[in-house]
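Same chain, two partners: chain A is paired with chain B first, then with chain C.
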Partner chain A sequence: MDAIFIQILNGLDKGAAYALIALGLTLVFGTLGIVNFAHGALFMLGAFCAVTFQKLVTISVKVRDEGVTAFVAYKEQPYLETWFGDTGRIIIDYSVPLSILLAIPFMLLVGYVMERGLIKHFYKRPHAEQILVTFGLAIVIQEIIKAYFGANPIPQPAPEILAGSANVGAWVGLGNNLVYPWWRLIYLCFSGLIIFSVFAFLQFTTYGMVVRAGMRDRETVGLLGINIERRFTIVFAIAAVVAGVAGVMYTPILPPDYHLGMDFLVLSFVVVVVGGMGSLGGAVLAGFLLGIVQSFASMNEVKEIFPGIDQIILYLVAVVILLVLPRGLMGRAGVMDD
Partner chain B sequence: MTNTKKPLLNDAFVVIIFAAAILAMPIWLDPIGGNYPDLLQKFAIYGIFAIGFNILFGLTGYLSFGHAAFLGVGSYAAVWSFKLLTMNVLPAVVFGVLFAGILAAIIGFLSLRRTGIYFSILTLAFAQMSYNLAYSVLTPITNGETGLQLARSDPRILDSLFSDGSVGAGLPSTDLFGETMSGYPGFYFCAVLLIICFYISLRIFRSPFGLMLKGIKSNQNRMKYTGLNTRPYMLTAFIISGMYAGLAGSLLAVTDPLAGAERMQWTASGEVVLMTILGGAGTLVGPMLGAGLIKYFENIFSSFDDNVLTQAFSFLPDSVVEFVVPVVGLFVGSGWHLTLGLLFMIIVIFLPGGLVEGFRRIVNYFRSGGKTKPQSVEAHNQAGE
Partner chain C sequence: MSDIKKSGVSRRGLLKAGAVGGLVAATPSIFIKNAWAEEFRNNPENSGELKLGFNVPQSGPYADEGADELRAYKLAVKHLNGEGDGGMLNTFKPSMLTGNGVLGKKVTYSTGDTQTKSDAARASAKRMIEKDGVLMVTGGSSSGVAVAVQSLCQEQGIIFMAGLTHSNDTTGKDKRRYGFRHFFNAYMSGAALAPVLNKEYGSDRRAYHLTADYTWGWTQEESIKNSTEALGWETVNAVKTPVGAGDFSQYITPVLNSGADVLILNHYGKDMINSLSQAVQFGLRDKQVNGKNFEIVVPLFSRLMAQGAGDAIKGILGTTNWNWSLQDEGSKAFVQSFGAEYGAPPSMAAHTCYVQTLLYANACEMAGTFYPPEVIKQLEGFNFDGMGNGPTLYRAEDHQCFKDVLVVRGNDNPSSQFDLLKVVDVTPRAQVEYDWTIFGGELGPYEVKM
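Up next, the complex of A and B:
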């Protein structure tokens, strides 16, 4: 029971990342009809927002180290600490969550520019060409990041207070040996919040209603005198923000490097396809489900029976689902049916 | 492209010119610094890979993102043939093609049940499965991260039958009946195979089978309504294309007898897509052109560093050089992929037909006496689709 519970928890945090990326991916597909291979790169850009923010707040000055009395020693002290004392120290400690404040406007801008500058010219082009051009863009983005930040992963510490593990077992009455890192728990709640707000935005606002109508029948909405393209641009920017903040919050779990986006891209496409192209609920469901399936497959007991299953399980599930249920778990009829 | 349009050149001429151009590569690539045996071998090998990919993508429009798996399997099969049977390259090539063909048959049989992006995702999933398995469980066969290498203690059954069993110092090298397959002989071996592959691909393009594939590309439903079962045709194209990739993989092992799992990664599949699109998907020489260009620039650009750049720009004033060198340096050396990505985007955006399409437009422009004829281009595009 303990083992199963912990595997579900382990699967959930990875699944949360999959779900967030897949949500943006399928949102873009459902509205704009674009297969965006650069979406993983947006996730990676978000992660590097956190890196940049952390670099900014820790710009340091050399000061005399008072702790060493035997000789004249110097240490690096961030300006923020010099100026604001403890407040500065807290800002540095909380740099990862705070960098969301940087990531949101930045990703909005990136999404807007990307859609207006490139994607909008590809609405009418075949899917193959959309894949190719966004794949090219993903290469460009990741090479730029590599040029500025180097090829090595850059670890981002979570705030100190959240560094340890939560005693989850005690909460649900399963004993004390069931612990789970705080930050992953935060990530889980955070992704739940993001997913909820995206759904609420689409479901409960007029703006979202128009977007949903546009997803169903773009032409009719256009005939009603609504500038649907403009709204879809915003939707693209929102998808970029979702990917970006997902990337920001993931940095303490996995130190970002330049090909982080490519690693997640393939998996999130698998997630989207399993969930059903263009189905938002399907993407979220499939994200969490595949995360859990993957974490169960990496249990030693399972690996003994099927060696290597943990390496291929996601692809295996995707292949089976695609062959048995061509529309994925929750795909609507008429979307990419050909 | 079409039967109604009279081809620019006779097919026999095309093959002869192609063969002459390939075999003379050491001569005409010399002035532009491309005359290294290693590089020439890569031209030929990736040319085969791209030509094979083009048979699937160019003719049928099915975008496979998993061709690297066949390349990897070809490499592994070839190295095992070196280890177990003989250092002669012919069995290695045969086994490489054979195993890649079998894998392609399995993957194709399953993947071709879906079209469009679903097909791309399925092939991608299969390729990633092969890659992950090669890294983990199949380590006894693939030697995991280290990669499969030759060893002096390998059995080499056939070789030991015909020789006295004395092993020379160091590792044996691959050979074709006594001729060592490294350097220029290796290139010529690959080049001959490339020319044969080109000829086969040309025959496929001209054959009823090729026409059928083009029909599937332009409208699969209509082909089905005429009572035709398109699946066997698709599967044949997929297997042929996989065998080309297997051949390319085994040749990689022939020229450098080791095989690593990274050859199967999906970015490697992406590379062959880039080559084909860059040159021109669906054209005969386009893929070869794209493969050559990418490998050439990869070689040239990645050898540039700041010192070379400073020398190259030394005619400029110092202050300008200080500014120019870091900017250009972003695009060359280790950042060469940035150039590749940008180039690729530009091609897809402005010239979806690839470089061959570009040449054709230029030729049309001059033929019509400087006046562009939009109708003819449009008509051509329709025919090409």
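Up next, the complex of A and C:
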């Protein structure tokens, strides 16, 4: 029972990351009709917002490192610590959650520039060309990150108070032996909040209503005198922000490196296809479902019966679902049917 | 006749001189030390330069380690050409290196990017051999790459001085006559680590392995299992994980209820950083199992990687080929030289690459030729010292270096930003030696037909 409970938590956690990336992908596809292979790179850029913020708050004066005697070495003493003492230390400690403040405007800008500067020129081009250009863009972004930050993962510790594990077993009456990292639980709640916000925005605001209408019938909305293109640009920027903040919050779970986006991209596309192209609800549902399936497939008991199943399970489930439901779990008729 | 007499040379004398001259001319060149008439690939005879090929990961997951290897190679070239402070040239013995290039030729180099992919590494090595004319290829940060490039070098008749490669296979079943490894291997890690594990954690332990699913991971798991089971430890489970898995949570959570009280991470690089950080996040180090503290062991530790894992490495035991904190003359000279040049101490990958370059250069000097079969013979069975690992032997039978092995622990109280690993034990060479036949393989011929 313990093992099953922990794998469900794991699956939800993993699924939350898939769902957040897939949500942005679907938003972009549903509004602009663009298959954006650079979306994973946006997740990675978000993660590097956290790295950059940490570097900013730890800008330091170089002082001689007396611990090194073999050669002249320098260590860094953050100005924030020198100037503000404990307050400075707290800001540095909470740099990951605080970096969201940097990530939101930065990702909005990146999304806007990306859409206006490149993506809009490919609206009417075949999907194959969209994939090629966005994939190329993803490679350019990751190479720039590598050039500036190196290739090694850069650890981003969670605030000290949240670095340990929660005794989740005691919460659900499964004993004291069942623990789960605090930060992963926070990530799960955070994902829920972001997903809810995106849905609420689309469902309960006039802006969202117009966007939804545009997703259904762009031409008619245009004929009503609404500049739907402009709204879609903003939607692209919002999708970039969703990917970005998901990346920021993921950094204490997985130290980011330049390849982080690519690691998630392919799986997120599987999630989008399984959920149904263009379906936001489908993307979220498929994200969590595949996360849980993948988590269970990694259990030793399962692998003893089906060796290597954890490597192929997502694709296997995708094949089965698409055979039974060719448009995915919640796909709409007419989307990518041709 | 009279004319000959007039010139002061007798007919008999002329015949004698002719006979002696003929004999000298007819004497096989093998009687003249180290004179080799054979033609070989990229023979630098008619050039004033000797070109070496540094094939390191300049992109991909080990790019930072590759960058450090390249720094070390450039420093080695500098020292070989008589520039800088000479580094380990001053401590290496017995050595014929004088800082005047190699056999009087200036050392130059060409670089390649392995990308830590076997096919890319082979392609860049081939390009360096065929287009750039390098006489020796060296470098790399992965056993898969080392095995692939080593085999190519054997086919091409070019000596390969491996960089960081820890799989038993490199000098075991996949060994080659043209391939040499200075770095230690998984067997040695197991043999060195076992006594320390016994001392620190006792002989009644239950171990759970997470293993990178490729040649290095498999051989390390096997070696560590053999060593720990010999102590009396039980192996509860050994699970293969895909290379670059990223999120290891689904592999770590089964450990929680497995009954194991030790987790052994047969991971390196990014995988090690991620799996170790996540194991700590899941509270494994705070757990008590079977009445004992739960422990994590990382058999192959690197300072560069430790940096990526942050505080998670504190207190974790492992082994390393070399550490910059060593206080022997060779290490001190190298650290000083490297630190002055780049502002940071060298990694163990940088150390092994630097040493390999010097060893090759010295072997050429000893052979008196660049002809690979003769250089190989000089390296085989070569005993040396002053290179940071104490007295070392390049074993002739498998081209594996044998030297003391360092057991290290993630430093709880680092005295500097680089002081991440603390040496807790130096396992003597005799304790990590083994019979070369246990891993099989054939070295192959000295002569390679081109």
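As a convention for this text, the second predicted complex is superposed on the first by the 323 of 338 C-alpha atoms of A that agree within 3 Å, B and C clash if a C-alpha of one lies under 4 Å from a C-alpha of the other, contacts with A are read in each partner's own complex, and residues count from 1 in each chain.
Note that contacts are C-beta pairs under 8 Å (C-beta built on N, C-alpha and C of every residue); 3 or more make two chains touch, one makes a residue touch a chain.
This is a predicted model, so every value here is computed, not measured.
Colleague: Just chain B (first), just chain C (second), both, or neither: which does A:Tyr315 touch?
Modeller: In the superposed model, A:Tyr315 contacts chain B only, not chain C.
Colleague: Touching A:Phe269, do we find chain B (first), chain C (second), both, or neither?
Modeller: First partner only.
Colleague: Is A:Leu323 contacted by the first partner chain B, the second partner chain C, both or neither?
Modeller: First partner only, chain B.
Colleague: Taking the superposition as given, does A:Gln7 touch the first partner, chain B, the second, chain C, both, or neither?
Modeller: The second partner, chain C, only.
Colleague: Quick check on the superposed pair: does A:Lys75 touch chain B, chain C, both, or neither? Answer first, second, both or neither.
Modeller: second
Colleague: So in the superposed three-chain picture, is A:Ile131 touching just chain B, just chain C, both, or none of them (first/second/both/neither)?
Modeller: A:Ile131: touches chain B, not chain C.
Colleague: Between chain B and chain C, which one contacts more residues of chain A in the superposed model?
Modeller: C
Colleague: Given the touch rule stated above, what does A:Lys146 touch, chain B (first), chain C (second), both, or neither?
Modeller: Touch partners of A:Lys146: chain B and chain C.
Colleague: Quick check on the superposed pair: does A:Gly67 touch chain B, chain C, both, or neither? Answer first, second, both or neither.
Modeller: Once the two structures are laid over each other on A, A:Gly67 reaches chain C alone.
Colleague: Quick check for you: in the superposed arrangement, does A:Asn300 touch first (chain B), second (chain C), both or neither?
Modeller: In the superposition, A:Asn300 contacts chain C only.
Colleague: Intersection of chain A residues contacting chain B with those contacting chain C?
Modeller: Residues 146, 311 of chain A touch both chain B and chain C.
Colleague: Show me the residue ranges of chain B that touch chain A in the complex, using the header's touch definition.
Modeller: 61, 63, 110, 113-118, 120-122, 124-126, 128-129, 132-133, 135-138, 266-267, 270, 273-274, 277, 330, 334-335, 337-338, 340-342, 344-345, 348-349, 352
Colleague: Hey, which residues of chain A end up touching chain C in the complex?
Modeller: So the residues of chain A in touch with chain C come to 2-3, 6-7, 10, 13-14, 65-68, 70-75, 146, 150-155, 157, 163-165, 177-181, 183-184, 252-255, 257, 259-260, 263, 294-295, 298-300, 303, 310-311.
Colleague: If you look only at chain A, which of its residues touch chain B in the complex?
Modeller: Residues of chain A touching chain B: 35, 118, 121, 125, 127-129, 131-133, 135-140, 143-144, 146-147, 262, 266, 269-270, 273, 277, 307-308, 311-312, 315-316, 318-319, 322-323, 326, 336, 338.
Colleague: Which chain C residues qualify as touching chain A in the complex?
Modeller: Touch residues, chain C against chain A: 59-64, 67, 237, 239, 242, 244, 246-247, 249-251, 253-254, 256-258, 270, 273-274, 277-278, 281-283, 286, 304-305, 307-312, 324, 332, 335-336, 338-340, 343-345, 414-419.
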